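By letter and in written order, the chains are A, B, C and D; residue numbering begins at 1 in each of them.
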């Protein structure tokens, strides 16, 4: 809700302060002007709107103080120190040092008077950027509905007219930075129930339960590690050979590790959430990422219980079996993918939006592999230089063909192969590892000898532990 | 046609009563205003248009009466009881009780006079919403062409200016609710043939045939159930063992169940349709869903007849064979899918349109799995906080890779496996169940002993029944 | 080029005669009006533009004569004969007979005078439609560049204001029908070379060659049919059994049939093309479809020559082997597909653009199966009645899952299976048919006995024929 | 950056000189006019804007000189020599010779005076095109930031009003051609560090290293070729048979060839890059294509090192094994694809944007095969002639079904088959070639006889060479 409030305020500011704002941003900038007249009008429009804010704005806005505790607009212009330029003669006389001039416009004079300021005689050929910055204060009354105290905001707005490219197009950026502050003088009558206590109690409960689950799982893992140590020594002494690595890992239950990670995330996330409720913190992102990921892990953890029925096991087993092959295969395919990514970025970067930075290239190629957005990608590079056009065709056709027809098909071959292996195992029994052989042997010995040994009781204990599974909770 | 009439009227109203309506809704609201002037103009424009409706509207509209039987507009404003706010000082003095003021504007005064009403001095900082509601009456003359009597409609229109967020952006909603009423005073001359009778006769015919089919199928199933009971007893007595569950299900012909469901739906749907024709009911949705689903089932039922040719059977058999595996597999994959759904909703919800509610997240992820809309989904979260951006990349790449490369490939492996099994069965014969063995044995006995037993004759009777298949009709 | 000329003229007319035409059509209509004032203005704008056409239009336009040989506009209005309606009282008094009033506006009076005509007092509540029709003449000078004689066109333009729905929205249709006529009085000086002769010669050459190819292929097929007859008799006499159907088809070379169809199409298409050049015909569509399809067939025919290398044969052989299975499979899947198509049309028709008619439903579902347009389809039905919304989700999820996961996977299983079969055959030899056994036997006999028989020589003759393949030409 | 500067200038020019430019191009043209008034206004707007350029433009622009060294606009109109046309009478009297009239508008008179020139009485019926061309000079100051000297540009702008179609729609093209020139009179004070030297040094280093790698690889290949020659002779003499072709290729290490190509490209690309830095060249495209492709090859080359671990080898081996089959298969499928491409182009060309030229048809079909853009392609041909509509449906359905269901499935079958073969080989050993047998034999002999022969030492030497791999560098 806080994110939405900031977002809506930002949109409202753009409509208020940008002349001719079309409702959506053009690119990474909000709008652009192409003539000197428009540039001046954009600047004076913002100034005028600021002066009449009270009579215009629909929001709960008031003027805020600057860094230097003054109310008003601060207009700064950056330009090259001095210079004359006659492009017709290709004569350029410029000092590349950059000078910054600032002026503070308070509310004492009317916007019309400010217009006549000599500061606003802009020499566009050496102008780099004009920056209009002002602070506004606002109150988010919406929270009253949800029975919470309203938040006060300070909006640091900056309008930037960027002429750095000197290409005849000035891009206008609008940047609104909102900070939450506690309101100084709140006086709210009426029935505001503070039911946040119940939420806090619930959060605390979640933390306690997760903590319990965390401790139990950690104990299981610690015990298992101790058991492994004893088993290794025992094996080394008795059979005089080392236990293979895979067998050593068998002792550590991967599911417990999953639960531990999930619990840790839930606990940290819940603590952050309580802090946010208490207005001590404002960073929602980390909190939501932690809680979100823990939810994902909890759901994945449910598969474990399905795995107790053998027939349900196939997904997990096949993924386990095919994982090393798939990863190795991905490493190879990844090389080619990286190659194409870099190549596309270098060659097509200046001609194609989707190839502008490495990250977008990777996304675009990934989408292409999965059959998305193909025609649009082809079409976007239509009317450029013939050489690049030819290269882009070769590039796209070869990439798509290679990945969709060769590599995706190989994936299917890999998985089908793993599935067949698993199926055969399920019918004929899995190949036994040292550990399993040993356990079987022990088991058969035990049957005949009925001698409870400390070692085996420990294994049983581990097994018993496994059954009182730590609680898993979805928040 | 009724749906289209309502839809078109709603669009026409938006053009008539909303100032600056751009032709399409912005989001779930129709348009939005950002300045006080625009807000006032939006309100007065609607009032003025309502007054001059007769001279403006192209439709067959007249003023309708309110709930309190008065003609005119009802304007209500919701605001906090009282309050003063100086956001500059972060001083807030507000009573969180909500007060509702209403005023009734009839046609006696001109819109200009209403404007000066003190009611329309809005204090935006404590205003929550303004609601303008009015009733209009209309007649759908279009039905005269199709030789039916025209319907009269009452439109309950509500324009809502929503300032609950206090973010400086007032969203304008337009809500048009249409009720069908019988016209009071119809006087239509000219050749209106009432050919609805033929349609009614056809509907009745459909109902009768479906009823016949329904009864025959039900009888078959009832007989089969009786036969099963006898068979179970017989088997228990003679071989002293229970018949396995799958064999018990063999007695119930799934196709008959399909036909019964389809018939029931057709009958209920047709009855609803007749009621709608007779203007007793106006809920088209349920009727169309019933008739539509029954049509789907009827077409699916046709596969049964194709199944009589053995070569055509492969689709049904493979689907039957792979279904339990696929469902079990889906249960596992579904866990991961659910985990991703929740996780995406929690983390990306405030930053991404497609992750706003659980339901859209599920649809978006489903589309991603099937290779749709990938680049757009990636691109939409471009310019937000770096942490969330990184998370979204990890989230999307891992989800898509996991599902398209691992899980879809496993699906293919599953189905290919089932197909191979079925193919082997078709060549070498299916493994025989108890029931089939028994039947074969009986058959061979019968051949040698030629003793017609009551039991076997009953099976034959069942078979004969199967051949006089109930009629299946497409409406 | 003719299509483009018509298209551009039609767009130009819309800009000239439709007030506020936004550049693209809204739906199947060009634009729409919502107020009485706009409706009147739309009509008078068209009339006024027509009067000043000479000074406005950029094209080579002149006034054309009506069906009744008069120059000017013909305005017709359709309305119910008489009626009074008070929607407020739900009182309707209407004669459902439709009356058509027409008026002819020539160029003698100014548009302003016409406005005062009592004809233009429209009573919208009983108005059905207003139709403004006029004829314009134009010359396509563009053809002069390609050294051809220019064509003269007669444009029959009709502007229709459609109020049949009486929903408050009048849809404006613009319909432009262009007829090509020979210009009466052409007088073109300057260097117009009539190089159409060369094209005609080329066309004639194509026809001759195709004819030759056609005759040779037909002869081969006729000979093959005769041979088959003799072989059948021979087989029946000697071995006293009938030759199986598949063997009988072996005699007819499918490639020759392909060549014959392709040749026929090319010949007819080329003749049509010559007729069009000679301005006797104006129907380009049939001609281009014939020539296009023949080109497709010619390219497919090239595969035959690749098939002479055994390794290249796999595509053809696998397709041949899997075709019957695939077709049978498609029949079953098609039933479910049809069921879903009908069901979607009935239920979702009024709520979703893509489900408006059967044909679009089929296309939409086909696109969904292939992973296209999924999220958009889901999203479009968002804010409607809850029941339909729920149904649409069930419908789409079940359809997509069923088809992508079950049926497409089965396809892969089918094809993989056929490929394996073919591969095994290629390694171990194909199973021999009666015919091949017979030929082999003959061959071995021949080797030992060296008795040239009339029958075998005929086979050889057939083979020799096969080698002098008819020419295949791409136009 | 240079590309971006040109692009932005071109957009700025369009906003400055085209009346009513909507911000994006309509098609391949920028905008279009439909009335005589608009056409005149478009022309005079451009002239007027040119005159007031200094006071309007935001960029660093000045007037440039024409080819004939004059400042000003050059307006040319192309029209048929003389003619009268009365389309109403279908009378055409025209001289198809094309006449070109030009006028030079300098800055001496005001734009209003120019308007009255008789030159600007356009007779649209015989007008072919009006071309307004002018030169502007600009300076790219942006480079100062990156501590480089600014570039001077000459923009050759041409506005073309194209009436060749005489369809009533004049298309307006804006063409901006930018040439980089060295500025004549640069006078830049302030701290411009010329750090290009460091870049040059780095480039030189890259070239040197690549050269070294190139020489080493070439040497390896030359030695291998010599070895092959000797081996061939040896084999021919000793065993008296020719070595098979595949074995001969074994001597040439494909990876070295890859490295050589990559090195060559890097060297040429780097040299071009240095030339561009030195302002001797302005063709970025070739340079970026060379460097991009070499980067791709370098990444692909990394797979080789992964291939040293046997498990990673599967991608390369399977691709190697399946490549000949896949290529042969593609040849067949390509025939059908080509057939469809030509057929679609011929038939659907005039009705569908995506089928306008062969190249777009190929892209559109390729996208369709991969499941992209399907519904949009279907929908775009909705409301045209019924015959073409029917054909388009047949065409699209058959193409998509054939390729997605048959051919893509066959691809999977092919790859799965190859993968199985490779897997079997990896388990049971690869089939041995003559060369390998010979080497093994030699190896075993060597073991027993310990006779170092010149021949074998040469093989060892080759092997040693292989281990000191030439350096591969990513730029």
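As a working rule, contacts are C-beta pairs under 8 Å (C-beta built on N, C-alpha and C of every residue); 3 or more make two chains touch, one makes a residue touch a chain.
Since the structure is predicted, the reported quantities are computational estimates derived from the model, not experimental observations.
On superposing C-alpha atoms, the copy chain C sits rotated by 90° relative to chain D, to the nearest 5. Here chain B and chain C face each other with different sets of residues for the most part; under half of the interface numbers are shared between them. Computed from the mean C-alpha positions, the centre of chain A lies at a distance of 34 Å from the centre of chain D. Centres computed as Cα averages put chain B at a distance of 48 Å from chain D.
In chain A, the positions touching at least two other chains are 371-373, 412, 414, 416. Interface of chain C with chain D (complex): residues 3-5, 8-9, 11-13, 15-16, 28, 55-64, 71, 136-142, 144-145, 150, 152, 181, 183-192, 284-286, 288-289, 291-293, 295-300, 302-303, 306, 311-312, 314-316, 318-319, 322, 326, 354, 359-360, 363-364, 366-367, 370-373, 408, 411-412, 414-416, 419-420, 423, 474. Partner chain A is touched in their complex by these residues of chain B: 33-37, 39, 80-81, 85-97, 124-125, 163-170, 324-325, 328-329, 331-333, 335-336, 338-340, 342-347, 349-351, 371-376, 378-379, 383, 385, 387-388, 391, 393, 397, 400, 404-407, 409-410, 412-414, 416-417.
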